[in-house]
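Please read the structure below before turning to the comments.
Should a chain be cited, it is by its letter among A, B, C, D and E, assigned in written order, with residues numbered from 1 in that chain.
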Amino acid sequence: MCDFPAVVELNVGGVHYATSLDTLKSEDGSLLQELFRGTTLDVPRDSQGRFFIDRDGSLFRFVLDYLREPSKFKMPTEFRERELLRKEAEYFRLNGLVEAATKAPGCIIIGYRGSFQFGRDGLADVKFRKITRLLVHGRVAICREVFGDTLNESRDPDHGGPDRYTARFFLKHVFIEQAFDMLQENGFRCIGSCGSGTAGSVTENLKPGVDSEENRWNHYNEFVFVRD
Amino acid sequence: MCDFPAVVELNVGGVHYATSLDTLKSEDGSLLQELFRGTTLDVPRDSQGRFFIDRDGSLFRFVLDYLREPSKFKMPTEFRERELLRKEAEYFRLNGLVEAATKAPGCIIIGYRGSFQFGRDGLADVKFRKITRLLVHGRVAICREVFGDTLNESRDPDHGGPDRYTARFFLKHVFIEQAFDMLQENGFRCIGSCGSGTAGSVTENLKPGVDSEENRWNHYNEFVFVRD
Amino acid sequence: MCDFPAVVELNVGGVHYATSLDTLKSEDGSLLQELFRGTTLDVPRDSQGRFFIDRDGSLFRFVLDYLREPSKFKMPTEFRERELLRKEAEYFRLNGLVEAATKAPGCIIIGYRGSFQFGRDGLADVKFRKITRLLVHGRVAICREVFGDTLNESRDPDHGGPDRYTARFFLKHVFIEQAFDMLQENGFRCIGSCGSGTAGSVTENLKPGVDSEENRWNHYNEFVFVRD
Amino acid sequence: MCDFPAVVELNVGGVHYATSLDTLKSEDGSLLQELFRGTTLDVPRDSQGRFFIDRDGSLFRFVLDYLREPSKFKMPTEFRERELLRKEAEYFRLNGLVEAATKAPGCIIIGYRGSFQFGRDGLADVKFRKITRLLVHGRVAICREVFGDTLNESRDPDHGGPDRYTARFFLKHVFIEQAFDMLQENGFRCIGSCGSGTAGSVTENLKPGVDSEENRWNHYNEFVFVRD
Amino acid sequence: MCDFPAVVELNVGGVHYATSLDTLKSEDGSLLQELFRGTTLDVPRDSQGRFFIDRDGSLFRFVLDYLREPSKFKMPTEFRERELLRKEAEYFRLNGLVEAATKAPGCIIIGYRGSFQFGRDGLADVKFRKITRLLVHGRVAICREVFGDTLNESRDPDHGGPDRYTARFFLKHVFIEQAFDMLQENGFRCIGSCGSGTAGSVTENLKPGVDSEENRWNHYNEFVFVRD
């Protein structure tokens, strides 16, 4: 009647869970620690004797996952219930979980003007892609969060807060795949992509180092990423 | 036999839930308040003594989520059963939940004609995107709901109701990402995207301020968003 | 031993459901009415006394949803198990549910040739999209089902049945978003989209009312929709 | 202690199922027939007396679905666990289910060069799409499986087995939608689509029957389909 | 009180499983072997006598799947919880499962410059695609993992580790579908695709073997694949 058992059986909104008492009490300042460091008289029970918590039964799975190994917590890829989970985390006063479930939503567009390398060596038949700049567009704070040190902000003098949108960032490298890897690691997914060629080849007055074939193949590809 | 227990165990269409009596009775005018403010004799039970409700067992999870914190209610991202949930909400007479589950479906297309800035400064190798207008197409009421104050309706004189479709709206800014953020916040997702370049560069009679390179890179990109 | 209880507990393939006897018997001619209007001796039971039905346990959720409110029945958006549900509906002889779960699968492609309006008024900087025709391609019966009165069939004389494919339908209006709304309402989703520009601007012999800018921006965008 | 009950309750890896004994024994040569035609002493039980099977609990749903109506068996659309199900089917020696769950994965690309019909009749403003060939690319065996009689192999002389890849198939008709319907029926879904226009209109020496407008609108659209 | 039963019932974080003792103990060095080769006194129980494990209840399904047939283990297609599963595998010290759940995430872009074969034979109306190179872009180690022997690295001398990104790989064949099959087999999915044509046809000084039609139809298509 006083002490909680080592294995605590819970009824969370109708879904049954089981966990160790140590796990439940592990996070300082949390509601669960507060509830389960007292006596069993303080926690209501269901008709089978399980300790009852009046919260979403489905998401409590992730609350327990978090409590077992806070530093290793992961949500599923493209998790559809992140915002619902944050609400639970706030209720249970689990700061680390609140933080993990609080990714600012947002949109980043990556665009590049590209072509191919022609005639640079004797192997005329092997032509690789040629990209001058990877352009980054979106809210300043999110672009910085995703690209960190690889972001070149030199052309976007800081007039305005990080909540403003910019179209004047680019990356310090030209590897699209590296940019996409960083977006993926930060929870973004691609929702759209557009390509377009250019009009009217320039056959005269070409800049030095650009031949007419390279000019013909100019294209602009743009990829839209969002985080839910 | 008369008073409901503090922890109420429910059998909703075969799925078991548990919640506090206070939660169940919290919304004035709701069917659940009506049912559970009386005596236990008024509510049928299953063979285990759980109070029985003859409704969809799976969606009742969200009914409880709503009742616990009505003002914080959230559905999962891209929720596939929103229309089914609305039906439950109507049955239980939960006005706030009906409203939350009633987003008008619809399609909005964002298009823009773009190019790149060339030769505006000494740094000829850094060229950012250049967009003149973000065009917005769709039903008038939905466009207004999503874009609010950022919508420019000046070219769409109000001849006809908000249910008509228009192709004459544009935004007051040119940040695609801001437009996409607002669409995302309103439950829209991108289902398609198309890009196209232009034909035949104009090399003569260019307008002042437009050089031939900018002209060559003209393109039209269009993004289709829907809400389920 | 004879009469069914008011709250009937079911074991459908291992999944437990509960519903009212009235709901179970509500549809005339159905197998469930036949089973449950007799005596309890006619229905096998599991070891806990639940009435046993040897069918898919997961999909029976929708069978009950249907029986509670047949006229309001809805499936989830982009429901992956529609064909499986139809099989259940047929087994239980629920005609309305069979019908709801029987959408003919199929593909519809919407294409349009577009450009922008230039120079039509004094506000030269505001240019809206210009579309001449929304083309509709697919099986005749499905195109008619989706677009109804908004479909122009005048160029597709009826030589052949509704099962043939046609590329000669177009819509009576030019609002892409309205077409996409109708596709969405009929359970179609977009699976692909392509855009392309045109080659070689025509600078001479332009038709009256078409200036060279409009000609440069000509593009063809095409959207593929399917229903599962 | 000897005979199985008519309603058999199962514990499959922790998930509870119920089915009729007839269903369990229905497929000749299957492991379930072998297990359940003996006496109850041959099958282990869990602590509640349910017959125990040490296999995946979640997928057994489809094993039962199959046994109830083998000839009508369907998997969910875009089923993510097809390969896992095949493993179960092999374990239970259910040949029909193995076959249903064994679709060879693979990629098929459909491409077409298209334009529009111009000037063929007096109604100059109605222009429909014009496609010469629907090209089919992929592994020979899969292309044949999907397109059957509608596949034209005349340009791909059979030098090599059906496992080789080919880019020399095309269809006997030009209805994209029919091709996509057949891909859908065979479990393929579209994962990408690309469009591109052509360069430099040809204004002289046009072939008979091709006017310069048709030439300007030439485009190549390509759609990638895969089966999981 | 000492020996485990042949059928072991488990409560894993609240979810009930059942498996054979042999399965549980099958992997040498695993935590489960360690736990279940002792006596029942070493494993905590829940109130129903089930052996209790304080881990994620949902993912334990795959732990059992793995233990039953380690060499045949498969995850669902596009599995959203792979990283969560790896955490469980590490906890249970199941090396094979750790490995199966440890696919390095990453992005690979496949691009090709293509056109069509014209005028090569008497059948002028049949024109197939023509691709010179399938370009492969991404991190070196991942490209090698996916494409193995079919990868041509001759133009990418190994200056730097396998973690660097490269844009100088191409394939030894030109079958896009074969490349996509290999990506699919390795758990990649397509997230975006872009197409673009070329500018300004070259009508003079064409290289031998390239006619002007082939030149007009030049296009660059690019497909982005990621692995979660």
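Criterion: a residue touches a chain if its C-beta (ideal position, glycine included) is under 8 Å from a C-beta of that chain, and two chains touch if they have at least 3 such contacts.
These numbers come from a predicted model, not from an experiment.
Asks: In terms of residue-numbered contact pairs, which of B-C, A-C or B-E coincides with A-B for over half of them?
Replies: B-C
Asks: Using mean CA coordinates as chain centres, what's the gap between chain A and chain D in Å?
Replies: Averaging C-alpha atoms per chain gives centres 33 Å apart.
Asks: Residue numbers in chain B touching 2 or more other chains?
Replies: Touching at least two other chains: 192-202, 216, 218-222.
Asks: Could you classify the connectivity of these chains, where an edge means two chains touch, as line, ring, star, complete or other?
Replies: complete
Asks: Using the touch definition from the top, list the residues of chain B that touch chain D in their complex.
Replies: Residues in contact with chain D: 194, 196-197, 199-200.
Asks: Which residues, counting only chain B, touch chain A once they are in their complex?
Replies: Listed in rising order, the residues are 5-7, 9-10, 15-20, 23, 49, 61, 64-65, 68-69, 72, 74, 76-79, 116, 123, 125-129, 173, 175-178, 180-181, 184-185, 189-190, 192-203, 212, 215-223.
Asks: Going by the contact rule set out above, which residues of chain C touch chain D in the complex?
Replies: 11, 13-14, 44-47, 52, 54-58, 80-84, 87, 105-109, 111, 113, 132-133, 135, 137-139, 155, 165, 167-168, 170, 191-200, 202, 218-222, 224, 226, 228
Asks: So in the complex, which bits of chain A are touching chain D?
Replies: Residue list for chain A touching chain D: 195, 197, 201, 216.
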